[in-house]
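Provided herewith is a single structure, encoded as structure tokens, for subsequent inquiry.
Order of writing sets the labels: A, B, C, D, E and F. Residues in every chain begin at 1.
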Amino acid sequence: MRLLLVNPNTSRAMTARMARVAEAVAPPDVTLAAVTAERGFPYISTAAEALVAGVGVLEMLARAEGRADAAIIAAFGDPGLRAARSLGAMPVVGVAEAALLTASMLGDRIGVVAFSRAMTPWYAESVRAAGLEPRFAGFRTPAIAPSTVERAQEELFEPLRACIRDAVEIDGADVVVLGGAPLAGLAERCRDQAPAPLVDPIAAATLQAATLARLRGAGRSGGTPRRSPPKETTGLDPCLARQFAGRPPGVVD
Amino acid sequence: MRLLLVNPNTSRAMTARMARVAEAVAPPDVTLAAVTAERGFPYISTAAEALVAGVGVLEMLARAEGRADAAIIAAFGDPGLRAARSLGAMPVVGVAEAALLTASMLGDRIGVVAFSRAMTPWYAESVRAAGLEPRFAGFRTPAIAPSTVERAQEELFEPLRACIRDAVEIDGADVVVLGGAPLAGLAERCRDQAPAPLVDPIAAATLQAATLARLRGAGRSGGTPRRSPPKETTGLDPCLARQFAGRPPGVVD
Amino acid sequence: MRLLLVNPNTSRAMTARMARVAEAVAPPDVTLAAVTAERGFPYISTAAEALVAGVGVLEMLARAEGRADAAIIAAFGDPGLRAARSLGAMPVVGVAEAALLTASMLGDRIGVVAFSRAMTPWYAESVRAAGLEPRFAGFRTPAIAPSTVERAQEELFEPLRACIRDAVEIDGADVVVLGGAPLAGLAERCRDQAPAPLVDPIAAATLQAATLARLRGAGRSGGTPRRSPPKETTGLDPCLARQFAGRPPGVVD
Amino acid sequence: MRLLLVNPNTSRAMTARMARVAEAVAPPDVTLAAVTAERGFPYISTAAEALVAGVGVLEMLARAEGRADAAIIAAFGDPGLRAARSLGAMPVVGVAEAALLTASMLGDRIGVVAFSRAMTPWYAESVRAAGLEPRFAGFRTPAIAPSTVERAQEELFEPLRACIRDAVEIDGADVVVLGGAPLAGLAERCRDQAPAPLVDPIAAATLQAATLARLRGAGRSGGTPRRSPPKETTGLDPCLARQFAGRPPGVVD
Amino acid sequence: MRLLLVNPNTSRAMTARMARVAEAVAPPDVTLAAVTAERGFPYISTAAEALVAGVGVLEMLARAEGRADAAIIAAFGDPGLRAARSLGAMPVVGVAEAALLTASMLGDRIGVVAFSRAMTPWYAESVRAAGLEPRFAGFRTPAIAPSTVERAQEELFEPLRACIRDAVEIDGADVVVLGGAPLAGLAERCRDQAPAPLVDPIAAATLQAATLARLRGAGRSGGTPRRSPPKETTGLDPCLARQFAGRPPGVVD
Amino acid sequence: MRLLLVNPNTSRAMTARMARVAEAVAPPDVTLAAVTAERGFPYISTAAEALVAGVGVLEMLARAEGRADAAIIAAFGDPGLRAARSLGAMPVVGVAEAALLTASMLGDRIGVVAFSRAMTPWYAESVRAAGLEPRFAGFRTPAIAPSTVERAQEELFEPLRACIRDAVEIDGADVVVLGGAPLAGLAERCRDQAPAPLVDPIAAATLQAATLARLRGAGRSGGTPRRSPPKETTGLDPCLARQFAGRPPGVVD
């Protein structure tokens, strides 16, 4: 089974870190490929940035059509997720949605720990979109900022562990999602002292992508997805234009 | 990885059918065991029946504690699911919740096809509990009843396929859940002509149980679950009483 | 008019205390009987415990069928309430639901004072189930725990009065429910200094049970309740099995 | 115990009919008085009419302050209910709210049968205000109109019974509210053939008013209601002005 | 274009202040008239007061029918707004609704600064009625009270500016509504240092009233409003009675 | 006052038609400019298309920064609206949001008439985003499709008028929005026979854009909008990159 991890950000270092987490958790029969956005932002942190990055995601997925069995959009907030689902043939999961849905099967009330308060409004929309607001125990974020996004996990290790404890002990969370690509891998490092199950979004999304691909492969989620009528476009990325036009992937015209 | 399928109904024939579907979709490293309720109803169809069956589920799970890596509650409506999560150590999924959450990753609007209108109020609660009401496209059920629950899938094959079509073409569903144990396996038989992805709850729950067990096994969803303080009880099933008392599973006192 | 108070807990002392409160408020033409669970928990405090206790409630009610005009489920959280309504012929009220609905007729915003923070998640579900979330002013609980549940009211008298004041003055509650069987009778002791109407759940439930019985007796809420089709069961309590089988109460087969 | 039935409409014939229903269901220790609006509408059927009638209700209640233990606002839609609760000292119930809350204790899904489609938007607000939208099974109204409002019950007897059947059998209602003053008394006439419990709003409101008065009399819902600071007014009804000014009822200045 | 500003309070000084704000922002082709309630309250601060004042608003609007192209109800909470819309021919806006809807086009999360905590429950209903609860960032009010309502803006200038800052910096508001007639004009005085756009409800309502009148004048929002059937009334204000009776405005009979 | 109408579609004919409607309703002191997307779709009809078009909208707005006082996104569904508000300095309105909010001030229940059923799921999101679901009376669309989008209004004139009537008479709408750019101008043509006020989204958005610009110009909605920290980007449109980088508009580097 071939999974494709799509990083909507332009940071290749982050892609590599996320790929390592995905590979560590993937079932043995999974092969993972990863791509990084060539245009956009080193790190997405607002809805406006997610809009721009979402189009890049559609382009990367269009280019990979037919070369993977399922894809992972690897930035919290899941840029382009719903649009991607309505366009391509392969199943697509987003890390925020996958983390929240997986968490909802591990406990009743769900807390989210993020490394920066600035992103919580945006993450809150993922909670709402997943229908989990009634079970949401709130956000916890460290009071201080890391020197760079890449160093968040290292520099804020103790404050992040305190956030996990507060989410459980003060907010009453039964399970805690560690949100945002910079925290990929933190769940494993914290698990021994954690007072509740932790969910690593990259790990959850990898397993959910495998689940969707396996369901489809076993003929258990068959059926042709509903698609809008084909439409001619102007000036779009050629692979993406093929998708909108309802033409099969392959050699670009 | 050892998964346990718990049938809250007393029909062993249904357990066998569901186990076949679960085995067909399970990843190669999964071993499946299945148990059938000894007390209760041949087929659960109301919330009152689910309450009674839910206690049976807790007893079966308490008995299996430590002998499986994750469990599946295999009756639509998920009797005992939330209580089970708050008691035991192993992850537990329900077929209704697993089917709906999996469907929510496959399409925007979710339809449910069931074999009997009598169960739709009860299924509606699963939709609400999963937070998916805003994306729910409605129920479709055949106008006629089968001679027995076990024969539903055979006798109603054409009406059920028509329900699937109507869910997609009239109700606008992007993905269709085939609800209720008697429809286990129908997704595979219908997939070729289906106008949208179909979700078989037993298949979805099997893969979700494997996902939760794998996350935990890979140390990616670590942490000790929060538990209520131990409590002595009177007259309960001995294994269940051990759980409420916070004693480790093993030889019953 | 005969009312039956069903205590889902195993504490007879608590049954006696609740029966005293119910008798003090019952209209003159009411006769009250009370039963105590023989199996289960001395005091229910989680949803898992409520599930187990709910089946006990169904059994006690099945045994009393035909011997009372209405019944009261006397544990906050109302274990078994909805299932009981769908099975038997007599009206059934729960103390949490009755308290909240009665409070909603006494003021706009409703506060709940409980003796322990541990139970608030569970009580929150009663608020949600009653549709009163938009009018809910929040919980208030003492910071310290009593030595035993039975002594909560005595040992925490001043902290509980402070909670009532805070519910009104800080949270803006127009009416305050004193939640949980251990607080039965507290409303009467606090009323003179209380800055808002107080609702004692046992008192409210007793009067609501009388109201439902009276409506039915006066032919004002006639009609045969809708019931599921009869169903044969295995291994259930004989009286409960009769109800599921749709047979009239009486000598158990 | 003294209950006051306040008819916000100007029809004395309707007051008399409603008083008969109230007296038939009231417990033996209840004395009932009834007053009719002197200004306003023969029959309220819109929110604008309810606004105007609501002020008349406040005036009638202000005039009765101290002469009753609880009051009933006897027009569906409950004109002036919330304002009345925030002004006076005695408990006040509205027929719509009381009917819906009582129904919510008799069954899971609640249907409403009214005699005219024109009023359903207005009734829908009562359902929403009571928090019962998730349990609302919908409206049923006869296709034809009666010659006068007073004759609705007689002329539409068979269509109304058909509406009750449809509410239960098609809409899945477990309990049916017969909405609007012109249907007062219909529940008793229909009960024998009704396929579900029926709720007569006047009967329900009478018993709920008695419940609130009894709770208060037994000291079980004590406490001084929260009131806004006194305020001088210009040109209002003298009794109502006394209430806003926080002066005790009695001889008008 | 003729706009009518209706002050539901009896304070002529407040009418004059609000008219100055309205005139300052009105487009050049707008003529503004203003009327003050002759009966009622110097300043409305509860829902009960709004009910009484709402009838006065209907009377003032009925008297002005045909002499204005649109009207503004100039008290936060919008007394009588919905009833007014269902009765007359001219468009009517309320300051709370207009402020909130205008704010919702200026930013994602909306804060409200008011001069007194006592009014926030009432304002909260305007937020709910406008459907903006999911985007509501909360209230901020000064800790101290002004000597009179008229002097609120002057005496509390610095605390109010601090409230605006807190709404933005702590609550995360993207836009701030300055609620309540006593704050009319404050937006202009604060704007230079404000960390987010401010909305003055009188200014917003004036422009929204002009918008509705212009749409109608340009034939872009044509159509005859739906009206209830005419109805004879007893004892009402003669102009209001004409409206309920469906008779054209003009010489009162 | 300078307003900018941004057509997210590539059809210049549609831009011209919408500009005519906007000019007809704009106040005399308004100057209107209009731009058409150079890349994308002749007509947007899905959320995926709106995502792609939304980035084009951001680019067009970034290019116009400083040259207009407010902007109109002129495609139902409002592609890019929220992102645009968080980036630029000028107020931005979308035709769907503006139409719905304007309609909400003209009547209680809001119907939407569109020319094609295919777009209703997408329009439904605008209703939800505006918080107006509780007041939504539903969609009405003609049963047949026009030969081209541009000819919808002409070919479907009678079916569309029937939809308006049904929205009012069957669905109970008090006001009807005519959704989608192809219906621009229809409100004026239908108004004389319409049984309820009609709202033309282009007209409503033009007046709302003028309102926001006027509020800001009169200093009544002052304050500096909150902005995210500046961020460097890769490969974006140069004007858009300037906005993300927090640099003033002007000569592109």
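Please note the rule applied: contacts are C-beta pairs under 8 Å (C-beta built on N, C-alpha and C of every residue); 3 or more make two chains touch, one makes a residue touch a chain.
All of these numbers come straight from a predicted model, not from anything done at the bench.
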| item | value |
| --- | --- |
| Touching subunit B and also subunit E, the following chains | A, C, D, F |
| Equivalent-chain rotation between subunit D and subunit A, CA atoms, steps of 5 degrees | 180 |
| Chain centre separation (subunit D, subunit E; CA means) in Å | 31 |
| Subunit C-subunit F separation of Cα centroids, rounded to whole Å | 53 |
| Mean-CA-position distance for subunit C and subunit A (Å) | 45 |
| Residues within subunit E bordering two or more other chains | 82, 86, 108, 134 |
| Listing of all chain pairs that touch each other, if any do | A-B, A-C, A-E, A-F, B-C, B-D, B-F, C-D, C-E, D-E, D-F, E-F |
| Parts of subunit C lying in touch with subunit A, wherever the complex brings them together | 121, 128 |
| In the complex with subunit A, residue positions of subunit E that touch it | 108-109, 134, 172 |
| Complex interface listing, subunit C residues touching subunit D | 21, 24-25, 27-29, 82, 85-86, 91, 93, 97-98, 101-102, 104-108, 130-135, 168, 174-176, 187-188, 190-192, 194-200, 203-204, 207-208, 210-212, 214-216, 218-226 |
| Residue ranges of subunit B touching subunit C (in the complex, touch as defined) | 10, 38-42, 45-49, 51-52, 54-55, 58, 80, 82-84, 86-87, 118, 228-229, 231-236, 240, 244 |
